[in-house]
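Please find one structure pasted underneath; my questions will follow.
Labels run A, B, C and D following the written order; every chain starts at residue 1.
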Amino acid sequence: MMKTDFRREPLHIAILAGLLILGFFLPDWMRFLLQTALAGGLVALGVALQMRAGLVNFGQGLYYVLGGYAVGMLAAKAGITDVFLLLIAAIAIATVAGVVLGLLLSRYREIFYAMLSLAVSMILYGLLVKAAWLGSTDGFNIPAVTYLGWTPDRTVRPDVYYITTAVLTVLACLATARYLTSGAGMLCEAVAENEIRLEYLGASSRKVAFIAIVVAAALSGLGGGLFAMSTGHVDPLMTNWTTSGGFVFVALLAGRGSTIAPVIGFFLLELVRTYALDFAPNAWQMILGSVMLAVILLLPNGLWSLTEWRRKA
Amino acid sequence: MHKTIIPLCLAGTLTATGAWAQDDTIQIGVPVFLSGPAAGAFGQPERNAAELLFDSINEGSVPAPYDSEGVNGRTIEATFSDEASDAVVEYRNLVDRNGAEVVIGYTSSANCKSVAPLAEELQTLTVFVDCGTPQIFEEVVTDPTYVFRTGLTATTDAVGAARYLVDTGVDLSRVAGINQNYAWGQDNWRDFTGSLEALETGSEIVSEQFPQVYVGQYGAEASALLTSSPTLIFSSFWGGDLEAFVLQAAPRGLFARSQVILTTGEALFPTIPDELPEGTIISARGPFSVFAPENELAEWFRTAYAERFGQEPTYPAWKMAQAVLGVKAAYEKAGEGADSTAAAEAMENLEFEAPSGTVRMSLGNGHQAAQSISYGTYVLEDGEPGVENVITYSAECINPPADQTAAEWIAAGFPGAECD
Amino acid sequence: MQKFTAIMLDGMSYAAWLFLVAVGLTLIYGVMRILNIAHGAFYAIGAYVCASALGVYYSLGLPGVFAFALMGVVALVAGLIVGLIVERGVLRNLYGRDEVLMVLVTYALFLILEDAVKLIWGVKSYFVYQPYAHFGFIEIGGLPYQVYDLLIVALAVVMGIALWFWLERSRMGRMTTAVVADREISAAMGINVKRVFATTFAIGTIFAVVGGVVTAPKIAVTPGIGVEVIILAFAVVVIGGLGSIPGAAIGAVFAGYARALSVHLAPEFELFAIYAVMAVVLAIRPHGLFARASGRKI
Amino acid sequence: MTDPILVTENLEKRFGGVVAASEISLSLYPGETVAVIGSNGAGKTTFVNMVTGYLKPSAGAIRFRGRDITGSTPRKTAQAGIRRSFQISQIFPQLTVLENVMMADIAAADGKGGLWGAALTKPRMDRGRAVLERFGLESHADTEVGTLPQGVKKQLDIAMAAIDDPALILLDEPTSGVSVDEKIEMMDRVIDPLKGGGATLLFIEHDMDIVTRFAERTVAFYEGRILADGPTDEVLVDKEVKRYVIGGVHA
């Protein structure tokens, strides 16, 4: 069975949109957590896309940081604060990076893809750490963004940012769902399952992988841009392997049943993390690890399999 | 308290779980490192000091002028949070969810930078305990209302170090540095070499080592330093990295061949006092610990801390104590019934007493503390770690004037510095 | 000249350390197909256990020489216990699951063990510097060098050869090699694959613990020391070719000398020297230097 | 006489010092069904691998429909109209049978720039079902392939090679792994649908009954060379073929 039931995707995304509207009724701190989780969730979605083609990217943070720094540098250093320009720039630069790296990386599979993408992201990390003018590891802060000349003031800014993030997340999920139903998206599973057969049918597994890498890069660039906008701060940690590892884990835990799975999964994981931090600031990693282990043991196909179980019942 | 069960429902109407401060309590959020490599060096002493101070304040057992119970009579309730997590998200959680009225903490400059604008936005009195970067009030929030820092910047350390070396006649002909490869280490080295230039020492930089932070293996760096035969080695290492460096470099004679200066050297006192070679120049990043003045508060803090935790407090503990007392002083100056905003107003340009002496919030538009810094050489007296040849530089000597950034001030050769 | 000596020694010393921390990872991957992130936690546990055991030992005022024997015992016992607990308790139930999922499992284990270490030992630093100073230093070409560091090189060589010998000569070792070559056929031939897995995991764990034990005297044993180790070990085994023991040795030498060269000649590149080597090696040889050819027959 | 669809001239393949195939000159004509026989290591699969671009010939030339395709890649030969099945079936084990042929149909569209449109269209669905029907696989349509018996897997492998009606289909031991009494039945099920698409067929086979039954022409390989090439009934009674090839198989 294919891992994604495409006919249900519009429904899933509609559900996501509904949940995001309900987000307005969440307390401020949790809505903000949701907002940053959506940004991260897009990156996890990018990782999940590549996973469909059997590619595990342990360096997805590279595109995330590029998106974040694109927004940050344009806003803080070049004075361009229009949110639409900024986010387009974030997507564009990540996409370009995806194209360039994709040409190299689409040849690689399995652990070698994972480690080479990790190496590249860590080299970028090293460069950013060296860049004193970008604040080195401290990173730098980003001024508030504007909307076609309108600067939302302090009181409405959280709402406006949340709406921006939520709307773009939904749009990104729709675009991703559309990609997944295209030939290029469908063939990802074929790449993961049997490249020999694919090549002998006249399709290029490299091209399929390449497209997946580029789409994932674009999503992650958007995620990085939204994160930068939300938190008003970027630093090189965004491309550290620990960050990238987090995306991989969410993508795996969430399961591949839907484009919205990694997005929601990221939020749930963040929720567990923050409550664990609050309950047991000294042992939150242990709680997080145990929850992860429990999910793996009890739900071998990820959190999304819960929804399928309900459907069968 | 505010314990709730993790709500796994996605969009249920989650009520804010924080019990908003009742009148008789004051909620204080304390983000410090509870996990990771900074937990031992910073998080632990900071947390210890905070707990000691909170308990003592609640009991009213701190010496004058802090001998009243609580903060304006309100009992402190603290929520500790791990700084080794997303700072922005967790800051919001502390304030919005846990209802923190005041936040005291932060060691990492990256966290301070990202939290500072948010503190202004959420209008919550936030006191940074450490954070070396001078950028907080130079660039990040140039017109602060709610953000304060009661500790000195890393610039102070570097400038003080250079002045001390010049004043004590250390051979500065061949200078080498080993600093961690992140903003803290890079800034320290830049400010230190800049200060040497400003003081016209004519030093040749023979080796600049920037090992990755937390790597713990310094054999190659020690070799590189040995082979470049420096007369002076400057390091702003801290925590486990500092300890590992001393353990690995000292037996190979690095400290015997070159003069070494460690800006955070005081932190080694409770850990490896016997391994730190005598004669090493050290500081405590301010008038803390062995460099602290003799006053009742210092005496009380030292004794109470040692009694409770079985160890002398290191400088991060002193800095935390100072921050907590600063908040109490601000609230009490603002008067009965003061809230976060009133306390922040009162804290501006505040002068308050601390174990380290009088702290003046005279820099950064009245939001940044100005304090003196001391350097000295390390000695073991009857097996007890101590310092000699101490020189103390006044705040006016090693801090840039209000209208200049640290970098400009160093580059211009310390204009306006008033040194004795 | 002195610089050359220094580079040779530093590279060798760092390579030896890298080999010790990486070889267990490659062994476990080669046999079990598990990329074990918890390896870093095992390293940390080794360091903590060593610090505690030796701390007690020295506080009794016992002679310094036997401390080294104690380090060996501690490494074996701790490695065996931790390895078996993790293997029996968790991994055994998950054999045959997706490789990537197993990475996640070991990551979860890593998080749990990190906090377990913190709960047992707290966040303060532990020190056992006595063994490091025990043999003093010798001058090589005018450069003082710690004898202890040279002994680590010897230990790495000895343990590498011992591991190789075990794989080639012992019954269990040969069974392990057979499992690496073909798990199904080995099982069909009556080899107890589960036992091979348990043994392999224990040995791999012991190597990680040994890495931590021998490093403890050089460092402050603090929370988080295992994190950087994982990624370094990963880089080493990927450079060498995953699952290959000679590969781990070569990878360690590459990474060790890359770091030594950058420290001495271009310190500003130290941070990503190892990643650069990894990227270059993978760009030229996509499966690492010593990868087994696994051409799929059609 | 029509032009040959595939021509190989003096193909040679060496692996180091070992000669796996040499002087292989062969022409296939449209609509033919040709069997390739020979013992293991005779160079049969090497020949198929060279034609489909999996192996680069050490010497010689391959022309398909008059175009030189020597040293091409599997993908390019597939796009040109040469498809193959495999000794060990190459399928997508975690997908269902229908999904396998649909995937094959999408993949075949890649060569024609069809990657961007919606992939799961009604016509494609219909085409997929039609293929399953042609090859008698419709009862398995929604079964996950990995769980199917060997014979059905091979059948699916062959059906996937026939997607999009290629001009030339090469079957590498279509009946290997299928039990002896099912071999003929299996060939019966696949040959007609394949021929129905108008394809030229070449299959590698060890079972002489099947060769006799399904191939009008047979090429015998021995030690990397062509030993005999001609009408099946003549080749199979050839003295050398009997001695070196058929004997070899039964030995």
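Basically, a residue touches a chain if its C-beta (ideal position, glycine included) is under 8 Å from a C-beta of that chain, and two chains touch if they have at least 3 such contacts.
Computed from a prediction, not measured in an experiment: that's the story for all the values here.
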Checklist entry - In the touch network of chains, how many steps separate chain B from chain C on the shortest route? => result 1
Checklist entry - Measuring from the mean of all protein Cα atoms shown, which chain centre lies nearest? => result A
Item to check | Chain of greatest Cα-centre distance to chain D | outcome: B
Next on the checklist: What's the distance between the Cα centroids of chain A and chain B, rounded to whole Å?
Outcome noted: 35
Checklist entry - Just curious, how far off is chain C from chain A if you go by their C-alpha centres, in Å? => result 32
Next on the checklist: Distance between chain B and chain D based on Cα centroids, please, to the nearest Å.
Outcome noted: 74
Checklist outcome for this item: Rounded to the nearest Å, the gap between Cα centres of chain C and chain D is 49
Checklist entry - At which residue positions does chain B touch at least two other chains? => result 34-35, 181
Checklist entry - By residue number and range, which residues of chain D touch two or more other chains? => result 86, 90
Checklist entry - Where does chain A touch two or more other chains at once, residue-wise? => result 129-130, 196, 282, 284-285
Checklist outcome for this item: chain A residues touching chain B in their complex are 19, 22-23, 25-30, 32-33, 36, 129-130, 132, 135-141, 154, 157, 231-233, 235, 237, 264, 267-268, 270-275, 277-279, 281-282, 284-285
Checklist entry - Quick one: in the complex, what on chain C touches chain A? => result 35, 90, 93-94, 97, 99-101, 103-105, 107-112, 114-116, 118-119, 227, 231, 234-235, 238, 242, 268-269, 271-272, 275-276, 278-279, 282-283, 286-288, 296, 298
Item to check | Interfacial residue positions of chain A with respect to chain C in the complex | outcome: 51, 56, 104, 107-108, 110-112, 115-116, 118-120, 122-123, 125-127, 129-130, 196, 241-242, 245, 248-249, 252-253, 282-286, 288-290, 292-293, 296-297, 300
Item to check | Partner chain B, residues of chain C touching it in the complex | outcome: 2-3, 6, 9-11, 13-14, 17, 114-115, 118, 122-125, 127, 129, 132-133, 136-137, 143-146, 149, 215, 217-220, 222-225, 227-228, 259-260, 263-264, 267-268, 270-271
Next on the checklist: Under the definition above, what is the set of chain B residues touching chain C in their complex?
Outcome noted: 34-37, 39-41, 43-44, 181, 207-212, 214-217, 219-221, 223-224, 226-227, 239-240, 243-244, 247-248, 251-253, 271-272, 275
